Structure formats: C-alpha cells, structure tokens
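Labels run A, B and C following the written order; every chain starts at residue 1.
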Amino acid sequence: MSNAVKVQPRKKPLLPRIKNYAGFYIMALAVLAFLVIFHYLPMFGIAYSFTKYTIIKPPVWVGLKNFERLFGMPNFWSAFSNTIQLSVIKLLLTTGFSVILSLLLNEMNNIWGKKLSQTIIYLPHFMSWVVTASVFQLILSPTGQGLVNSILMNLGIIDKGIYFLGSSATWQGAYYVINIWHDTGWGTIIFMATLTGIDPGIYEAASIDGAGRWKKMWYITLPSLANTIITVLILNLAKIMNLFESVFVLQNDAVMDVSQVLQTYVYYQTFNSGGIPDYGYTTAIGLFRSMVGLFLMLVCNYASKKVRGRGIV
Amino acid sequence: MEATNTNIKPRKKPFKISVFPIVNGILFVIICLVILIPIWKVLVDSFDLTTGYGMKLWPDNFGLEGYQTVLTNPSLVTPLKNSVITTVCGTLLGLTLSTLGAYVLIQWDMPGRGLFAGLLMFTMIFSGGMIPSYIVMRNLGLTNTLLGVILLPAINVYNLVLMRNFFEGIPTSLFESATLDGCTPFKIFYKIVLPLSKAALASIGLMFAVSYWNDYTNYKLYITKANLYNFQMKLRSMMMGSNLPTAIGSATENTVQNAAVIVAILPFMILYPFLQKYFVKGINIGAVKE
Amino acid sequence: MKKLLTLVLALVLCMSMFTASADVEKPEKITIFIDGTVVTEPNGQAQFEAKWEELTGIDLEIIQPDHDAYYDVLQQQIASGDWPDVLILSSTYYAAYANEGVLWDMTEAWENSATKNSGRMKNESVIDGLKINGRLYGFADGIGGGCVTYVKKAWLDAVNMEAPTNWEEYAAMCDAFVNNDPDGDGVKDTYALTAAGFIGTEAPYINYLPEFYQDAYPSFYMNAEGKWVDGFSEPAMKAALERLAEGYAKGWIDPTTLTNGTKDCRNKFYDDTTGVFTYWAGTWATNLKNNLISNNRDPELVPLAPLAGAPGYFDRTPPVWAITSTCENPEGVFTWFIDTILDGGDIQFLWTYGVENVHWSRKAETVLGVEYAEGQFHMAENLETPGTAYTKNHSDPVSTLAYFADGYYTDEFIDPVTVMIQPENVASSNLFAANSRAAWLVPSTDVMSTYNGDLTTLKNELIAKVAMGEMTYDEAMAEYAKQGQAWSDMIVESLNAAK
C-alpha cells in the first residue's frame, strides 16, 4: 500500500489503480459473462447480412447486394421517414406525458387517490397490441357505435362520423393518441421512482424561501428528473427503427402512405414474395436499423456531452 | 428552525392549498376514466355471454362462464407454477446483474470503465439475430428448459442503465467516507447503495417481473414442450383456441377470450399494492446518512 | 423422342415398383415436426402417441412448437441441423422447400402406395395438384378448404326473399337487408355484410367477398392459355370494383370494413349487425350456428351457391406432410407413416377422431349436458378448454381425401360422420366441394420478391379507395399505370420465363 502516500491518487500508475478496483472487476465479470454468452456469441450472425441464406443451403456470400436491394426498394425512403417521424413523435409525446403525469401524481396528497390512480394508469401496458387495436377500432369507428364520433356528433361539432383510422389525414394523430394511452402510464414508473429520491429537505428549504407549488415544481422537481428524462429518451432512440407491432395492428390498405414503416414494409415484401424469407436479407435490414440507432445515439450522446458535460453511460 | 417558524405561513395561503388539489384530483378522475374506457369494454365482454360488437355499459347477459373456463382449467396449474418460478428467479437475477453492472458504471475513475460501458451499449444496438441465438442456446443445452428462459432476459442493458441513473443520485461523499472507514466495494454495495435505492429496485424489479411474466417470445422460440409453457403462453393458446381444429368455438368463445385478457392483468393487480410502499415519497438520503 | 421418353419413364416406373414391393425396412423411430393441427400436449397428445405406437410398433417422437411460431422454430431447427423425418408444411413453404431440395421425392412411392391403389380415394386430384414440375414432394390427407357465403334464413324470411342466384337478386337482397329492417327491431341499424378489409391478405385474396369479385382476381394467375397474367388490369376487375363501390355507397357493405378484423366480422354476424357472411365451409358452419344460438338469434343459415356467371369458390392448396431428404429410410417412413394416415382403418380413425376414452367414447355417460347411451359414439369434453367438446384430431372427417375401408364400420360401430357431424357442416362442405376451384400455386421469382410487396400494397390501396368512393376506377387505373404497371410487367415476364 505504498501508493497510499502519494498525494494525487488520480495520477497513480495503471496497475495499482486496477488493483484498487479489483472488487469491481469481479462484479463487472459477472455481468460480462451474461453479455458474452447471450449477446456476443450470437453476433456471428451479423455476417449473414452479406449473404444469401435461405436456411436450407449454406449461406452464399453476396457482398453488399442485400443493402442494394434494401435501398433500391421503391418506397424505401417513404417508409424510412415514416419510421423516424412516427417513432420520434411517439417517443416525445409519451415521455412528455409521462413526465407531466408524474409531476401531477407527485403533487397528489391523498394517498389512496394516488395509489389508485397509479394502479389504473399502468393497466393499458398489460393489454397486448392486438387487443388494443381491436378495442380502439371500435371506439374510433365512424359509425354510431364509435364512442368518439357519437360524442362529437351529439355535441354538434361534426355532422358526419370521421373515419379516424381509415383516412390518411387522421391516422397518424389517432396512432399517437392510442400510443399515449398505451404507454404513458407505464412510463411514469421510472420518473416516480426518481422523484422519491429527491431530498424533502430541499422542498422545505424552498418553501421557507417562499417558493410556491409551481416554482418548486419548475426549479426543483423538473431539474431532478432531467437526468432520467434524457437517459430514457436516448436509450429509446437506439430502438427507434424497430417500430413494428403497434403500427402493424393499426394500419390498413387506405393509409399506407402515412403508416408504412420500414419493418411493416419488409414484412409485406417477404409475405407477398411467394417464397420463403431470405435470412441474409432480414439480417441486413436488422444491421441497417442498428446502424441508424447507433448514429442517433452517438449524436445525442455527443449533444449530451456538450450540454451537460457527460454522455449517458 | 425557530427563526423560520414565523415564515412558514406562505404554505397555508388558503386559495393555493384548496384549489390545486381539487383541480388535480378532478384531472386524475378524468384521466383514469379515459384510461379505463377501453379496458371496461374488455371487462364487460368478459362477463357477457351474449357476443356483440359494440360498446356496452353493462353485460346484456351476465355470466361467469368465461372466467370459469379460464380459471378452473386443470391444465393451468403447471403453467402458473412455471410462471411463478421464472418470474421470481428471473427478477432476482435480473436485479442482481443490473445493480452490479450499474455499480461498476458509477466508478468513473475505474480503468476500463469506458470499455465496459461500450460493451454494454453495443449489445443494446446490435444483435446477432434469431437463428444464431437459437444455435447458441441449443449448444448450451438451454432450449426446452426453464433455465434458458430465465437466464436469457436477465441481462437487460436498458434496465441496467436506468439503474445506474438512480445510483448516480447517491452523493459521492457517502462512498468516500465509507471507503475511508475501510469498507470494501461489496460492503458499500449492500450497506449503502442497495438500502438507498429501494424505489429504484422496486421500479426496475417491477419492469423485470412484468417482462418475465408476460414473456411470450422466448417461450415460443426456445420451448417446444407444452409442460414447460408459462401462464402467458397458455392464455394465448386459449385465446387462439377456436382457430385450431381441436376445439370448437364454444357458445362463449368471445367471453373466454376476453376473460383471458383480464386474467392476464390480474397477477399485476395483486402484486402491485405490495410494491407500492416503495414508491412513496420520502426515502430520504439525508436520513440514511446519519 | 417423346415415345422414347415415355418408354424410359415407364421402365423407371416398373423398376421402382419392383424396388418398392421389395421389402421396405420398417423404421424403428420416426421424428415428426407438427403445428397445432394435431392434438396438443394438454389435449392428450401422449395418449395419441401411445396409441399410434401400439398400432404401428414404431417409436414416434413428436415435436410440436407453438402454433404461431411454427415456421420460426422450423427455420431454427433446419438451420441448426436438427432435421425431423417428417414435417407439416404450408403450400408456400412446401413449394420453396421442394425447390431447395429439402424434401424427399415421393412420386414413385405415392404411385405404388396402398392409399392411392386402395380404391378408397375420394379426390385424387388434390394430390396431383401438389406436384411440382411433375414430381410429388408432399402428401395431403384432406382438401385445403375454403369459404362459402352463408345467409341468415330468418332475414330472408323477414324481407320475403329466396336465396339469390344471380347478381341482381343478390343486390336486391342486400338492399332489403339494409332498408327493410330484417332484424325486426324497428331501427335501421343493419348492413348486408362485412369483411376484414376489401381484399384479403393471403391467397386467394378475394375469398371473403366472392359475390363482388366474381371472376376478377387482382393478383397473378394462370389464364386459360397457360400464361401468367396480372388480374388487376384485366377487364373483369372493372366490374368487380364497380360492384364494390356500389355496395359500399349503398350501405350494403359495413362502413368499417377497411379496419375490421376477422373477429369483428364474426361478432357483427352474431349480434345481427349483418346477415350475410362469407366464411369457412365445414366445421365453421356449426360454430356459426352455435354462436347464433347462444346469442338468441335464429341459427338457420343458407349456404349460397355461386351467383350465375361467377366461377366457384376458391379451394386453398392444403398443407402437406413431407419427408425430409436427410431421412435415413424415407421409403420406410413413407410406408409406415404417410401411407397409413389414410389407411381406411384404425390409424385413419386415430388421425381423424383421436383416442378412445380420451377424445371420443362409446360409454354411457353425460357430456356437456347431453346423455349418451352405451355404444353411442360421441366426442369427449375438451381437456384444455372445458365447456367445449372435441370435433376431431388432425384429419377432418368430412373433407378427408379417402373413405374408410368397406366393412370398417358395422351396424355395431357406425360411421361417426352419420351421427356426429352436424347437417349444416355436411351441407356447407358438400356445397363447397361441388362449387370450388383450386387456387393457383404461384411460383416465386427474384423479380417477384423485389416488387410484389409494393405492387400488392398499391393494388390494395387502389381497391380500398375505389370501393370507398374516394377514387373512380379510371383514376385508379391511371394511378396504376403510372406506378405499378412497370413492376407488374416485370413480374409477369419473370413468371412466364420461369415456366
């Protein structure tokens, strides 16, 4: 322990520093073991991106052909931009609403009201997308059976039912609303947990200084959530191109121009090809999605470093 | 403290105190109602022996046959047992890995920390794909075992990073003083980090538990033996039942399906109140410090 | 040249007959890979397996993944080299796997099989339809099946009409079903029919709205001259789209057809929102009836023969049993597994109804409130879903390809079909059998897999928009000419070249 006498521990030579952290390396090793077995061992599969592989015969090297095919798809760019648009707006809306709900829940003093509200707002997360879609198709139906339209018609706001999920003009809006319904409540879990970590002493001090409810919310609560909000947003950016199920169950023939995302596009392409899926092509698309996710994450991480002085991990 | 006693008044300004909670309360009543409407539709249909398309406030023809079919089913016992085993073991393992990984991640000066973080993030973005995963699982002898569906989802980088986010909120001064007192990293981990992170453990634990309980993908890809299926798989096969030739659509086909949707939510409704106490405001870092 | 070829073929055939009749080695163990169309584990699969092993003396290993994930798991197994001896394949996978050489060529084995030569075959053309370039790689034990149109008898009576036989009568019926209060509740709240979208997602695409499409087929098909064509630009499509637009505009077709799911359509039929429903023939006729009864509606349904001038309903290509090319003893597996599925005796009975006292019984007992006398055949209560009864195991007793052997059924042991299969099932099955045509098995080409996704999306969009009155036929065709025609031409060319 001769190093202990050194004045500036940060400039210790590497080896003793490693020794200092020995316990942590053991912990890291446990995590890495799982990572290697379940994530890195299967990574050899990424190589299939450059092959034609129908599973039955050994993969045949085709170079960048799968990517050429992907980028050559007639409506590739429209599907690409729909994916980005739908998932970014969805992400911002659901996260934004989650934050607002968390702030309001946090202000609720009635403990039973709070518990009950929390339990209820989590429920939609447990409904599968197939069930969600079928229920909302009914609620948003243009006929008298549709709850929303019959309310609007009874109020005299409209005189003919709007086919929310059946027309390109309204589909995206309906899609966002359904996603807010489905995901917002569940999203509050992480924010609520963060809020419990705020030292009540800070609120007391602020009250003493005469800060009102809104001031405290704005200057204490929200900033303590900032870190979590940014982390959640950036983590979700990595998965942005994976958008599939929620769109797939809600789209229909008349709204393809606004609802076709990359994953549904590829699904229909394979489904209508009359052949069996080419696993190489599917993998190539996965790799492309990963690259987009990586790019978005790096950009945001960079921005985060610039603004806050450090990245997300 | 005595000096500030006279200044505490602003909190008790009558109009501020009375208006906001009422507005907030009403707002939540509305929010909860809006959230419940679609679920109400499923709930009503699950009690309704008459099959209809539209929305109803109450069942036309009330009956419990749907739930009877789902809940009294003798073949639900094994799936339920499998679900409980995998959810409990998986959640514990998932929490262990997430907290360990997150604890390592907040060691900002640790040599190799960046590499560790990079290795984690890489798997969040890139994956080998379905078939290579299967081949690895098969070669490890993890297909057709519950161990496989426990181990595979236990490492979840998303949850790990969120956990690190919570750990970051713990003042570094606590670690420093503990280190000076001669605590080992492990001791600091379970004496300081874990007790201070109850809300985090509850929320991330809940996310793990729900994903294990609802797991369907891993079961359908890695398990071909029906006696290893979990509750979720079983409910799904009941919901799909009428599309398969071995069962005829009974008179209550629709009722059974809706009952299965509701039954899938039940375990969460039962479990959640127990977790809720950890979400209550006021786990005060300052208090633990003393 | 041709003569020589036939001679050679005949010779090969003779030789293969000799080799086949030479003793085929009986396999010790057969591994099969099956989807959810065979009894599942909670439904008594172990007893089924034991009974099959008892009847054949062969060890049977069943691998049955979740029904929804069947092809994902199959791909994994194939990729990892764990090939089963026998597997079930849908028509698409069957054609593709056969092309890739995964499947054992069973042409000769079939020619010499006990089943083919038994004289019990009802419909051999189904097996012939499975041949790819004249070679057979799979075996089906039943027809593919398809949809027929059911009309509620009570609604016809309420509006004083007979079942329609041509488009004019059909249109008049639809109109009456919308405007003449067929459900008698005094409110104009009915539609004639609904469907899950204006066009189906799977071949044969038009099977849920046959009266409107009639002879039009929006995808690729082989015409009378043996050439592949794109049905979307054929003249028949114009009339079809105009019928759809008329039906939608006049309120015959449910306004939410675009977004309906199949389950929504069933529920709307049960709760008297609609009176006409095109759905599966056979078992579903009974299902529809039962659901109408439990909803307190009149359960009598009239299955409709195709309207005058319209070709018949579509019969899908059935899923097949195939033997893998890595199977060590394919002849043995064929003889002892495939060739026994329709053996006309106990094994066929096992595949059709399952195991005695598990899936069916002749004991004196009460099942689901119905009392049965000693010796009376009846299906047992479903183990997985109590409250329902089994209807069959894998093979459908009505749509099976072979009859049971003469003398198998006696006065003591009567054919269950005569007592168990409901008359509406038989009626719809027979009507379907008499009025159906086989769907086309469209081959896959590279051009197809590049462009058909976009082309189909475009076609479906245009169909929906014309049907909903957002576009006229001519506008749609102009759009099609601009965007889709080039893709369509390329695909047609590739299909005809591949032939």
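One rule holds for everything that comes next: contacts are C-beta pairs under 8 Å (C-beta built on N, C-alpha and C of every residue); 3 or more make two chains touch, one makes a residue touch a chain.
Since the structure is predicted, the reported quantities are computational estimates derived from the model, not experimental observations.
Enquirer: Show me the overlap between the contact partners of chain A and those of chain B.
Expert: Where chain A and chain B share a partner, that partner set is C.
Enquirer: Taking each chain's centre as the mean of its CA atoms, which one is farthest from the centre of chain A?
Expert: C
Enquirer: From the mean C-alpha coordinate of chain A to that of chain B, what's the distance rounded to whole Å?
Expert: 16
Enquirer: Roughly how far is chain B from chain C, going centre to centre by Cα mean, in whole Å?
Expert: 41
Enquirer: Where in chain C do residues touch at least two different other chains?
Expert: 75, 79, 263-264
Enquirer: For chain B, which residues are shared contacts with two or more other chains?
Expert: Answer for chain B, listing residues that touch two or more other chains: 53-54, 131, 135.
Enquirer: Mark out which residues of chain A touch at least two other chains, giving numbers and ranges.
Expert: Where chain A meets two or more other chains at a single residue, that happens at 55, 138, 279.
Enquirer: Can you tell me which positions in chain B touch chain A when the two form their complex?
Expert: 4, 7-8, 10-11, 16, 20-21, 24-25, 27-28, 31-32, 34-39, 41-42, 53-55, 97, 100-101, 103-105, 107, 109-112, 116-117, 119-121, 123-129, 131-133, 135-136, 140, 151-152, 154-155, 158, 160-162, 164-166, 168-169, 184-186, 189, 199-200, 202-203, 206-207, 210, 214, 261, 264-265, 268-269, 272-273, 276, 278-286
Enquirer: Tell me, which parts of chain A touch chain C in their complex?
Expert: Within the complex, chain A contacts chain C at residues 54-57, 69, 72-75, 133-134, 137-138, 141-144, 163, 165-166, 252-254, 256-257, 260, 265, 268-279.
Enquirer: Please output the residues of chain A touching chain B within their complex, sorted ascending.
Expert: These residues of chain A touch chain B: 10, 14, 17-18, 21, 23-25, 27-28, 30-32, 34-35, 37-46, 48, 55, 101, 104-111, 113, 115-128, 131-132, 135-136, 138-139, 145, 147, 181, 185, 189-190, 192-201, 207-208, 210, 212-213, 227-228, 231-232, 235, 238, 279, 282-283, 286-287, 290, 293-294, 297, 312-313.
Enquirer: Which residues, counting only chain B, touch chain C once they are in their complex?
Expert: Interface residues on the chain B side: 49-54, 65, 68-69, 72-75, 130-131, 134-135, 138, 219-221, 224-227, 229, 233, 236-238, 240-242, 244-254, 256.
Enquirer: Quick check on the complex: what are the chain C residues that touch chain B?
Expert: That would be residues 36-37, 39-43, 45, 63-69, 72-73, 75-76, 79-80, 82, 263-264, 266-268, 270-271, 273, 283, 286-287, 290-291, 293-296, 382-394, 396 of chain C.
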